[in-house]
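Each of the two complexes below includes subunit A, the first together with subunit B, the second together with subunit C.
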Partner chain A sequence: MSSDSSLFSNRWLPLILVAPFMLLVVLFFYVPIFQAFYWSFFLERPFGGGSEFIGFDNFSRVLADPEFWEAGWRTLVFMVIASSLAVVVPLILAVAADRKIRLSLPARNVLVWPKGVAGASIGVIFAFIFNPFVGILAPLNGMFPGIWAPGLDGTDAFITLIAAHVWGGIPFNFVILLAGLRSIPYTMYQAAAMDGAGPWRRIFDVQLPLIMPQLFLTLVLEFTESVTSAFALIDTITHGGPGGATTLLVYKIYTDGFNGYDLSGASTQTAILMVFVVILTAAQFVFLGRRVNYER
Partner chain B sequence: MNAIDTAIRAAAASITLAGITKSYDADTVVIPPMDVELKAGEFTVVLGPSGCGKSTLLQMIAGLERVSGGRILIGGREVQDLEPKHRGCAMVFQNYALYPHMTVGENMTYSLKVAGMPKAERVERVAAVAKMLGLSGYLHRKPGQLSGGQRQRVAIGRAIVREPGVLLFDEPLSNLDAQLRHDMRVELAELHRRIGATSVFVTHDQVEAMTLADRILILNKGRIEQFDTPKAIYHSPASVFVAKFIGAPPMNILPVTGDGSVLRLSDGQVVAEVSLSGSFQLGIRPEDIAMEGRVGDPAVKASLRFREDLGSHSILAADLADSVVRVATPFGADPADALHLTLIFPKSRLHLFDAATGRAIPGAFRAH
Partner chain C sequence: MKISVLAAAAALMAGACSAQAANVEFWYGNTGSVETAIKAQCDAFNAAQTEHKVTCVGQGSYEVSMQKAIAAYRAKNHPVLIQFFDAGTLDLMLSDAVVPVQDILPDVKWDNYIAGARAYYETSGGKLFAQPYNSSTLLFYTNKTELEKAGVTQTPVTWEEVIDAARKLKAAGHACPFVTDGDTWRVLEQFSARHGLPVASKHNGYDGLDAEYVFNTTFAAKHLANLVEWRKEGLVKLNVDTKAGNYTAAFNAGECAMMEGSSGSYAASAKAFEGKYQITVGMAPMYKDHQRHNTLVGGASIYVMKGHDKEEIEGAKAFLDFLRRPDQQMFFTAATGYVPVTNDVLDAINKSGEASAPKYATAAIGIQSMNQPRTADSRGIRLGFYVQFREVFMEETQKAFAGQQTMQVALDNAKKRGDELLRRFQQTYKGVKLP
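And now, the complex of A and B:
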């Protein structure tokens, strides 16, 4: 950063101002990440007592493990379905709300609060809501016994996870998308109406193209977040079961590392997951980001 | 003249407003019942201060606002209950309202695309309009890459490409700087001469109104003050409101009383010899006030307050009978006495208005 700006004539002030944040990021993000990469080249003894450098042996071991690939595949499926829904559902709500509602500041705040609810709390709530005996789908089991059994059926458990994740993502994405819709000048709709476009057509020809920046932002955030935030949900709702059907990579890393004491394997998988997310996000910027029109 | 000019000229439709009114509730009446007839191919400028209801009027014709009562006929067809797209109107917005994510070409063809016109025909139509407006080289650009004047031309192109019966302009030049505004005004006048579309142009700029209009509709609080040619509006304003609204600086208005033989200002000076009695408002344009001796008309004394030299002429502001009158004089014409002015109000240039209603009293100074 050049210091030719007259706003900050003091050379050190900007650095001092960002220092606390930089310290946190380095201490709690970059150092652990670096450590994970570092350890992935060592074989760590589970109960301490040193480690030895083994090169890429950890990677070949992890990549040869079918369970890793299954968890990876599940992670990808969860990522695509859950994050798409977590954008599409709020989008529908936002388009509907934009039609009539003028949200006051308090109303917007109330809507955003659920974003602050910890993933574990959401998990506990949804474990109850989707409970096959007392939850909202319990009457279904009364009519067709066994149709909803997240404790036995992997798909049902997966659906529960996705529902919980989407629910948690709605408030933030809703507010971002609604703000995008609200910022579209009213004359744009009038112009489209004069051009003969009905309400339905205006959604696809005017509204969606004009909130591309907001859509892109929510999608990128959702994609990266779905990888990590699933942990709290899995840990409280399914514990990776039944039969590993909901074991995503984040959860597998945790159980491998802290239940199975395969510390090196967990580090290696963390490194792989990290690289995977970076590649995916980069791909989003390359393929989608270029099409985003920021002009108003 | 080519095909598209002829097509637009042929499509031009008349507009009849029969008792249309707009009110949001019983207390907020924006437009009381109004009757107006705009001829096919005519360029009408709706002029008025902000909040006078001129944009609402335009939006009701366009179909973007519902009418609270009355009928709108476009080309003899009742349209007040139809959707905008079925009214045959096109509109040019103040902020252009171009679709930022579409190219210039896509912006202009969007309405045709929605209407389901085949692509080949669309391309041909847009090419013709783009050529007319000098936009041929810009069809693949986005609006964000264009200058203000070019964007406004795209907005006009988008409107006329449909060959609409009526072209509506909602203060289209007010976002442009002074020079560009002048250029676009000339372009619009030329375009109108060429395509002859029925045009309704809303503005608060009297220069735009005077230069563009076939007829000017002056609105005040939703009511029509006067609807006439620019010349008639300037030379015989129908009310004090119109007199003060048109002209820069506007017409001087002074309260006078008539005793049956002369009109006197509030300080007793005689301004005109005329056999009228009662209270009136006397109007005279700054450029009509004379300062040199002229036989026949009485002279009044005023004291100079300040002068503005504008290059081509000077504006003198003088205190006269508790009012300030403005006098336009040729540049460099210095009054003999720098402070005390002798002003002559030629009788043929005076306008008389009713003191209570503000309406003009025509012919007051004739035949005496």
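And now, the complex of A and C:
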């Protein structure tokens, strides 16, 4: 606190400066979250009026609904596969770009560009790229008719989603991981090389252990973000189909609440999803975070 | 998370409405040529008189319009007039957010509306809740040029004939004889209505909130199973099987030769066909040996929302009166293909000397289709959370089309999940009586 007062002579100034942001957070995060938890204990009519307190009935209904568990399972599968790939792919690119190879400089620049593309736009582009008639896999369909059919085959649709998500996740994770790699003192490599470590050995024994904080950060962010950020992609590419194969929880909540006017059911699922994400992040910190060595 | 979108939408509405408090705001959901026609009507109304001003706001789709209306109503910034689609009828009737149009405009001759249009939107006491606006019904479209090329000279009327024609088309090398999107409205609701079959018990919910779905036990189940078989045979294609990716686009481009579609898409098809193909439009096909009943009115109607002052209501009334005028309805029909559903407009069309003109092509057939003999099960759909049920039905049947389960299993699942929705709706509106 002493450092604060040395920066700001007026003790209210920092509070005032942070107030607009806090107001936004409260208005668009805490209030809706509170509302969702509140509604999850009620049977709420879409246009209001006559809402009825029903205790944990919403929760027991949602938890007994096989559709909820299927959507939850898909969310988990998406989370594990998509987030792992969204960290591993940028890691490979970052390690490559960090080396003194040709094009590594322009690559460091170009790979950041997708960051400027909104999720929904990525969705529209990938829907086109993976279109079975005009997309890049169309020739495959020419050779084996019907082998690539994201409109019918749930697995194909899921693959499309994951590809789009990983692509969209490259820039941010790439920047973080590359920054981590660049901050490793060059002398470390020289010392390792003198001890006889080859390039692969240097990656696994020097680089990776030293960028653990960055890897941990990207992994935690990816895991929590993949729960919600898939929404824009699902809404533009698959609409949860075919046959619900890409209905992740976040999309199910949206359709239940906004297309089906089931505000209580959607709120209940929101509450459950919230708790799940909090537990997941806490678990990551407890089990993974402890092993990360922040000292160099 | 998603709730914040609701809050944001409400905040936006607040800004939008307060800026135009003096106006009568009207929200609609259509896009494309229909939106152009709606805007033209709004402009015409504002130009025709100076007392009231209507501001028409396009929301992009019926669903979005409804979502925003719910948020806006809770924030007390809702529009005076709002267009809602057929599936939301019961949700609105029980919402306590709208006033029946017949209460606001008691002097209008509401029995001017054809029975088919009234039945969908009226209370058990025969009071119209909403003013039918862009009314449509299901029609059968063919690409006559392509059919003739394959040697089909008579436009098919029954499903048996449709499939015969499809086989001939396929034999002639046509890649897409019949196309559908498998939409609930097209393959279940309209099919059941015109074959005189119930979708749910209690006459599709008209007699109480304790209805249960029964479509999985009716002839509709057989038809849906047939669609799966015909698709395997290459006669029926779905959206995803077409290059265009969408059934109307595929039909309009000449990729597919036959489709069941809303009368509201006629204008777009006719325009796309101009100079390339000949189009026919007729009543949706029946199975042989089944008596034809009426098809349901689809599209959307306009509701008056509660909580507005007298001046705004007066403006709303004037606009509703304007939209009911025969010249306006004729303009709208000609511009879109939606069907006029009042008798005086039909008379006016007949007297205009243009009754057989292509721009009125859907009017006569649509009315004829909606005026077929009625049953208690062909009045409409009055089931709660029905919009959500449509999604459930699509999800389960898609799995059947993809071969993951049989159609019967899909329908049984859809019934089970649908019944859960109905029970929850019943509980949500406990103690509320159907109007």
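Methods note: the second predicted complex is superposed on the first by the 278 of 296 C-alpha atoms of A that agree within 3 Å, B and C clash if a C-alpha of one lies under 4 Å from a C-alpha of the other, contacts with A are read in each partner's own complex, and residues count from 1 in each chain.
Just so we're on the same page, a residue touches a chain if its C-beta (ideal position, glycine included) is under 8 Å from a C-beta of that chain, and two chains touch if they have at least 3 such contacts.
From a predicted model like this one, the values you see are computed outputs, not experimental measurements.
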Subunit A as common anchor, with subunit B and subunit C clashing or fitting: fit
Comparing the two partners subunit B and subunit C, which touches a greater set of residues in subunit A: C
Partner chain(s) touched by A:N131 [first = subunit B, second = subunit C, both, neither]: second
Touched partner set for A:I176, first subunit B, second subunit C, both or neither: neither
First, second, both or neither for A:G49, with subunit B first and subunit C second: second
Contacts of A:L152 with subunit B and subunit C, given as first, second, both or neither: second
First (subunit B), second (subunit C), both or neither touched by A:I253: second
Subunit C, subunit A and subunit B - angle at the middle CA centre, rounded to the nearest 10 degrees: 160
Contacts of A:L233 with subunit B and subunit C, given as first, second, both or neither: neither
Partner chain(s) touched by A:D205 [first = subunit B, second = subunit C, both, neither]: first
Touched partner set for A:V87, first subunit B, second subunit C, both or neither: neither
Closest approach of subunit C to subunit B (Cα atoms, Å): 39
Where subunit A meets both subunit C and subunit B, residue numbers: none
Subunit A contact footprint on subunit C (complex, rising order): 1-4, 6-8, 63, 66-67, 70, 73-74, 91, 94-97, 238-241, 243, 245, 385, 387-388, 391, 394-396, 398-399, 401-402, 404, 417, 420-421, 424, 427-432
Subunit B-touching residues of subunit A, taken from the complex the two chains share: 185, 187-188, 190-197, 201, 205-206, 209-210, 212, 293, 295-296
Of subunit A, residues touching subunit C in the complex: 27-29, 31-33, 35-36, 43-50, 52, 61, 65, 67, 131-134, 149, 151-154, 228, 231, 240-244, 247, 250, 253-262, 264-267, 270, 273-274
List of subunit B residues in touch with subunit A within their complex: 59, 62-64, 83-85, 89-91, 93-95, 97-101, 110-111, 114-115, 142-144, 158
